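One structure, pasted below without further comment.
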Amino acid sequence: MRARNAKLTHVRADGTLQMVDTSAKASTARTATAEAVVRMAPAARRALKAGALKKGDALAAARVAGIMAAKRTSGLIPLCHPLALNDIDVRIGFSGRDSVRISCSASCFGQTGVEMEALVGAAIAALTIYDMCKAMDRGITIEHVRLREKAGGASGRWRR
Amino acid sequence: MRARNAKLTHVRADGTLQMVDTSAKASTARTATAEAVVRMAPAARRALKAGALKKGDALAAARVAGIMAAKRTSGLIPLCHPLALNDIDVRIGFSGRDSVRISCSASCFGQTGVEMEALVGAAIAALTIYDMCKAMDRGITIEHVRLREKAGGASGRWRR
Amino acid sequence: MRARNAKLTHVRADGTLQMVDTSAKASTARTATAEAVVRMAPAARRALKAGALKKGDALAAARVAGIMAAKRTSGLIPLCHPLALNDIDVRIGFSGRDSVRISCSASCFGQTGVEMEALVGAAIAALTIYDMCKAMDRGITIEHVRLREKAGGASGRWRR
Amino acid sequence: MRARNAKLTHVRADGTLQMVDTSAKASTARTATAEAVVRMAPAARRALKAGALKKGDALAAARVAGIMAAKRTSGLIPLCHPLALNDIDVRIGFSGRDSVRISCSASCFGQTGVEMEALVGAAIAALTIYDMCKAMDRGITIEHVRLREKAGGASGRWRR
Amino acid sequence: MRARNAKLTHVRADGTLQMVDTSAKASTARTATAEAVVRMAPAARRALKAGALKKGDALAAARVAGIMAAKRTSGLIPLCHPLALNDIDVRIGFSGRDSVRISCSASCFGQTGVEMEALVGAAIAALTIYDMCKAMDRGITIEHVRLREKAGGASGRWRR
Amino acid sequence: MRARNAKLTHVRADGTLQMVDTSAKASTARTATAEAVVRMAPAARRALKAGALKKGDALAAARVAGIMAAKRTSGLIPLCHPLALNDIDVRIGFSGRDSVRISCSASCFGQTGVEMEALVGAAIAALTIYDMCKAMDRGITIEHVRLREKAGGASGRWRR
């Protein structure tokens, strides 16, 4: 499913940037889900999980940060369009002994996709977890920030 | 150098969140460098590099997006303090046949570190590259979003 | 008219947050009006009113701040959707000897209501008045920040 | 302790607005605490408290929203200065059968006070609670948005 | 084509501000193009052009800044509506020996025009060029920030 | 007083962008004043002035918009540093039969100048006036957006 298009849609023949003009695109229901994995020392992960089991503010903060960042995507990624999002959903799970798994879904009814919103939401939720755990482990690494699936629009469904 | 601190500094005993009060911390020169790697299909990477060799707007957009996002860190990461940054520097290099390597350094003179600024800058620069290449390769993955080194403050120098 | 719904729409069974997915909701005309009352020492109120009668920058600033904050609602309230607002209207009146009364109306055509926009506009307009009068009276209190009425959407018209 | 100053500091003799020039003010440690009370139907309050006892995302979201809004104060209140805040602390308590009590403290070392940051944080945390409970009770009212105490600067300590 | 309307649409009879309520306006395709000219010392212009011919980051930064500012128009201009923009296009050309010419086009399908978005984009792109050249010439002047043409809506096509 | 520096400080030898690292610069008092002229049809200017004489919301909105935009400069101009501004002052005067003259001053104590803050404030105040008068005259032009004087820092005083 790789290499779908022969060129960079945001770069003109002369090398200058452009937004993709969405005027002529049909409005359809669009969804996308992205993920990220936060790798940290088991002790940090245990502390995070213990907090999560108690009152959960740390994970709630990551969820809120992911949702708010996804809404701000067009202010962060230069060529993204402002979108009337219908939903953003950030989920955080514990898996393995050193990983926290983040999933962010976004949806809208519009003329362009919501991949970037899902990716920005997942990345900022992951970085918020980094921020809260960094005193225990500065070596935390965020891996696999990537699209898991998308649907809607001319390019239709894509699934990793 | 892992597991430096026995607890999450942003979570109180009752599980609720807190910013770290920096009032009593000394102001010192702080620097941090973070990195991220964007893995993409060789064809997408070639197209990006060709554009970069011509007029370079795509890479310039990623650099600008990284710098602007780093300045907005305290608006994105809930418990980060607003900082009077002295410098943010985003560099982008091509390495291997399927990777783009991003490095973001930040510095300030203040009461708290600039790791999050460096990480947010690297992550948003990487996501901007994703955005510009996604029509060619939806499977692009961002890996190794992580701190490379930091200096300044009570915890001193840290290096991966 | 209280207690309309048996549960918190933004909290899942497991206690985690969610935005309300508006994908399946019908787009209808939505309006809402909120109010707030600023209570201050009569001398401060007199000074504010005298300024208002002269050139009115103080009240104009409060109106502008309320309008601009209402537009930023989805960036302030974590689970609010970005909305294509058609109108925001902030009105400020003097009543009694120690009160300034603020009313903020918002309207859009969309899939979710504009109560939060009206409330945020009223609250920030009130706080702007606080800011301009605080040197005369630090004890100023903002009361009755509340919805006065709303219309549109599945829940229809509501009036205090 | 009311009516401290004979005029509005933000309004010139001709009625036009001005920021207060802080260039000549001494930098001192500044703190402020503000509060707000959210009045709601007992059933809504019970639902909120039950969620808070389980996983607490609703209250965590209000705390995060308050902290993030306090950091954005100079972008919301027209004549506020940007400040290098050292700390923001939002606390939420249940009291009586129909009230939720919010307290927001802010501190910085600088040339102007942090009252507005504390007030904005308290107001936006309160509005976030409104947003999460509004499906159960549209009549929720936010009362007593006000300063509880401040310290630092030429005007020194003030306590309600 | 001047003096189209007998009154200021944003000011009520009593002198207070208002947004223009767009609820009853038809949604149509809207476009606008604005321009700005940056006048600078020939040496500064030569340096800018040389950079532009090499890697072009300076001009790319101006284009990106213009696009991002245009998206933020409703957060900058108090009475502007948030709009779902379909496209923003910033072009920069060299003409004469002391001028850089900026053109910014915007388009949306909606109930109000995009003139302000085009103007804000042109102005901020011009100011970004100022920022990058100011060490060589503090006397740089931005002239002719103005609408070149617009189309769509009840007032139809307008052309300078 | 032109052509002060032989190169663009924000562009490296290889053409890529950089912020100017201010770490080693001395903190000094910095001030800058910028101006802009709004040229409009005499009828539009008369209407604006009449409103200004009555309640003045239109001019107050322009002043507020200029102040708020100046505070947001580092979020708009890619390579600007966030600054702890001490003051921003926007003044608007009527001169000639078709001109409105805007002046914006900014000051801070810091490691870099405030020219861009003054220029952004003047430009956005001017565009706000455009927005409020555009229904009467779409041909309004903003001219002479430029620095009038600056003081402080290594480059010292500059005056047009």
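The letters A, B, C, D, E and F name the chains in turn, as written, and every chain counts its residues from 1.
Keep this in mind: a contact is a pair of C-beta atoms (placed from the backbone, for glycine too) under 8 Å apart; a residue touches a chain by one contact, two chains touch by 3 or more.
Because the structure is predicted, anything quoted here is derived from the model rather than measured.
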Required steps from chain A to chain D (each step between touching chains, minimum): 1
Report the inter-centroid distance (CA atoms only) between chain D and chain F in whole Å. 31
Whole-Å distance, C-alpha centre of chain A to that of chain B, is 16
Could you grab the centroid distance between chain A and chain F? Build each centroid from C-alpha atoms only and quote it in angstrom. 36
Going through chain D residue by residue, note those that touch at least 2 other chains and give them in order. 15-17, 55-57, 60-61, 63-65, 68, 72, 78-79, 82-84
Line, ring, star, complete or other: which describes how these chains touch one another? other
Please list, in label order, each pair of chains that touches. A-B, A-C, A-D, A-E, B-D, B-E, B-F, C-D, C-E, C-F, D-F, E-F
Residues of chain F defined as touching chain D within the complex: 29, 56, 59-60, 63-64, 67-68, 71-72, 82-89, 91, 107, 109
Chain E-touching residues of chain F, taken from the complex the two chains share: 1-11, 14-17, 41, 43-44, 47-48, 51, 54-58, 61, 64-65, 68-69, 72, 76-80, 115-116, 119-120, 123-124, 126-128, 130-147, 150, 158, 160
In the complex, chain C residues that touch chain F: 55-57, 60-61, 63-65, 68
Sort out for me which residues of chain C touch chain A in the complex. 15-23, 74-75, 78-79, 81-84, 110-111
